[in-house]
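Provided herewith is a single structure, encoded as structure tokens, for subsequent inquiry.
Chain nomenclature is as follows: A, B, C and D, assigned in order of appearance, with residue numbering initiated at 1 for each chain independently.
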Amino acid sequence: MKQLILAAKGEKAKTIIQAQDRRFGDGFVIIAGPCSVESEEQLIETAWAVKEAGGDFLRGGVFKPRTSPYAFQGLGLKGLKIMEKARTLTGLPFITEVLDTRDVSWVSEYTDILQVGARNMQNFSLLKEVGKTRRPVMLKRGMNSTIEEWLNCAEYILKEGNPHVILCERGIRSFETYTRNTLDLSAVPAIRELTHLPIIVDPSHGTGRMSLILPMSLAAVAAGADGLMVEVHPNPPAALSDKEQALAPAQFASLVKKVRSLVQFMEGLR
Amino acid sequence: MKQLILAAKGEKAKTIIQAQDRRFGDGFVIIAGPCSVESEEQLIETAWAVKEAGGDFLRGGVFKPRTSPYAFQGLGLKGLKIMEKARTLTGLPFITEVLDTRDVSWVSEYTDILQVGARNMQNFSLLKEVGKTRRPVMLKRGMNSTIEEWLNCAEYILKEGNPHVILCERGIRSFETYTRNTLDLSAVPAIRELTHLPIIVDPSHGTGRMSLILPMSLAAVAAGADGLMVEVHPNPPAALSDKEQALAPAQFASLVKKVRSLVQFMEGLR
Amino acid sequence: MKQLILAAKGEKAKTIIQAQDRRFGDGFVIIAGPCSVESEEQLIETAWAVKEAGGDFLRGGVFKPRTSPYAFQGLGLKGLKIMEKARTLTGLPFITEVLDTRDVSWVSEYTDILQVGARNMQNFSLLKEVGKTRRPVMLKRGMNSTIEEWLNCAEYILKEGNPHVILCERGIRSFETYTRNTLDLSAVPAIRELTHLPIIVDPSHGTGRMSLILPMSLAAVAAGADGLMVEVHPNPPAALSDKEQALAPAQFASLVKKVRSLVQFMEGLR
Amino acid sequence: MKQLILAAKGEKAKTIIQAQDRRFGDGFVIIAGPCSVESEEQLIETAWAVKEAGGDFLRGGVFKPRTSPYAFQGLGLKGLKIMEKARTLTGLPFITEVLDTRDVSWVSEYTDILQVGARNMQNFSLLKEVGKTRRPVMLKRGMNSTIEEWLNCAEYILKEGNPHVILCERGIRSFETYTRNTLDLSAVPAIRELTHLPIIVDPSHGTGRMSLILPMSLAAVAAGADGLMVEVHPNPPAALSDKEQALAPAQFASLVKKVRSLVQFMEGLR
């Protein structure tokens, strides 16, 4: 059994994954944007805010994996076109989630990074399909997945020939109810010692509470993460999804400043 | 928000789901067979053993959701043709899992029941796709899913127009390591009080230990389950997957006898 | 390392633990009563109801381990005297929980069985102290304890010289919120194959829902349990603790009848 | 219901807890030492190493809550006298765990801080007993405790009249097996917004892996912790307990330097 991820431990330098001119695994990458693309106005306004605050990537869901079938399911192609427009205007590359094997090929024409979400971490058909593209893939950890299972899922993608995998810790499910999930930051150094892949952290889903996002972002930096993915919305209380965990633009700008400052400090500390 | 499942609570009788001449929700249905279809010989031998022991349905995976990409991934169409042959020979209808939205349509031409597995419980694209067929769907509970989330996934299928949903409790993930999963039998009466859908139990995945399958099958009957799904293999130690939890034919025959006897007793007790 | 519990596996018959004229491990023992002893009237009324319904043992907490320090903490010695009076009147032996090493010696003069609760399962000082008495001890499984840890706690008691240990499964903590805990019935056959100690089940704490107690009691019998512990209160909505999970006397009487009937049936089935 | 902890939220400044000349809640306190006091030589050697590295407090268990009754149970009074000697020699105050209500009074004569361990978090008799002393108490979070339950346990201590409570996050139990526990750093900012009590982090028990202790210590600082508790042993592979998670003196010295540097940086950042 050839393990493309595990066998590489210690043998080669960290994989650098380039998307446009941003490099995961070399420097610190901040992805931000709304949970869902709701309208052109909402998205473009957020994109400019992310850009001005110093974010690197825009996120925005157009296919939404929602617990209830009666919840907003996303704008689909129309949303992708809005993301594309935002990229043209602001220069920010973007990432979006794909849910269905039938969508992988055409969505990868639009997006800079394909996201496989937590609920689909073990959707092996989807993993194989994104493994057949040459787009970078961000693979979120499943809510109840061990690190070993997660790495096996990354291996599914690598085995199909796509080495551009970014891992994202987004919280696991526990009995605790104060936070939406339990952000497992120990996964960051664990992934570091087990693989050569970059790992980023999503403190928005990881905590589900606006007030915890800044401290957990700083903690992620100190633990050695290669980046962050943060939910930003121009008007959080009006968001169609995840309103409790989205930052307003000014909060995000303050977070970027502190995070960049800590990243620089940590480089001197190691 | 119209909740097809929850709103029906108490308003109508239990849904009866018919597949060939077996009826879920009316009587007790026993599904058995190997984890994976490995060869024609293995499957046909198992099918006869299931038939002779008094099983109602044959199970057999042809698309296998395996943790590692290097593990046996199933025989695909070739496996389906073997299942079809077993049905012709023994008269047993069968159930098989589907993993990819692109396979739903053609696989539903072969199988009597479509299974959505635990890892795909929240693969909403797949739920919508099986909801567009008229085949009965067995929806397994995700390893870390609350009952509420599970019912929302069933709702996805019902909302597309397919009312033939059978729920299957197969164990949730906990910290316990003696068993492979923690079989949550309280889900059986909980589902009973919350919905009108039939619910069956899978003690093979639920425990992961051959020695626990009989007592937990009997417990499932006493808790009020509408059926069981049990792994049977002609030669468990040689199985390509799940060897620790498959019953040999003689063990299965003994289980069926005891289970049927308890089912009859429980009918008199209520 | 001499393991008094594990080493005995298969070597000797099941341990029979006698308390008054009831025998755990030989026949089926039903313990019932209120969560807390609240008053003489409440307790005596419950005791007669338990007696008339065919219960074997009375339970009643006099030292209550409550989440909040502002919740009712139990009547202490006054409560024990009420329990003693109930025993004199009805002939039912009783079980009560002890929380403090300083109380073990004198409480064991009153009670027929000492209970070590879930929150104290790994209170090793308490385990050693109850191990020094000759009273039977009922050791509840901790809410987040593996079976192995639980057996090690029983071993603490045995090692001090007290072989009279009854195990009690009472639910483990999971992410599920519909039930108060997740009753792990697979622990029953697991304990059976690992040890020679009797094991009973507490479906009241295990589910936290009145409607689930009967089906889970029957499931516990079918899984092979040696007994049950059930909360009964003369007027559940007025209970000072655990009101959602107490049965009224008539419900309990109906449960006892069905449970005894199933116990008898199961004896014929094995 | 008067909640001494929760009611104080926002109303008063953070509680400062003084033990000797160290102040929890004002500056950053590093506690270090072996899991168990094994011998005078081992402890004194460690104490000097902790002192020289810049640690503030010495830890050392003399009553050990061990999973198995056959594991080393600690030196008891003899161990306390060794701790006392180390304090006299090095000037480092110390903390030690107490397990039994009968020991609280006399142990509090020796130690500077009383520890209530994770397994005893809901040992309410012990909480009340330490609440009757005037010694500072470090209350570890139970392995499966919600933040709300943990705060209720602190409330037990405060209610008895002892306001000197320090909280310690030490990891919760999840399904993940790569780490011994899942260190829940989000508890740090959560405790910050809910209470006025100082909170420290134990990355040794929280991860169970030597290689993860430094990154998680830095993450704890960035998340806003008031201190750390770290296991240090003069010769980790020879430790009688927790050998996989103890740092050697040189590793600890390097950790202290980096941690102090980050603490200083974080003060400028807020």
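Everything that follows uses one rule, which is that a contact is a pair of C-beta atoms (placed from the backbone, for glycine too) under 8 Å apart; a residue touches a chain by one contact, two chains touch by 3 or more.
Everything quoted here is computed from the prediction, not taken from an experiment.
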Taking each chain's C-alpha mean as its centre, the one farthest from subunit C: A
Comparison of A-B and B-D (more C-beta pairs in contact): A-B
Centre-to-centre distance between subunit B and subunit A (centres being mean Cα positions), rounded to whole Å: 34
Separation of subunit B from subunit D, taking each centre as the mean of its C-alpha atoms, in whole Å: 48
Junction residues of subunit B, two or more chains touched: 144, 173-175
Complex contacts: residues of subunit A adjacent to subunit D: 144, 146-148, 172, 174-179, 182-186, 188-190, 192-193, 206-207, 211-212, 215-216, 218-224, 258, 261-262, 265-266, 269
In the complex with subunit B, residue positions of subunit D that touch it: 173-175
Complex interface listing, subunit A residues touching subunit B: 1-2, 65-70, 99-102, 119-120, 122-125, 143-144, 149, 152, 155-156, 159, 173
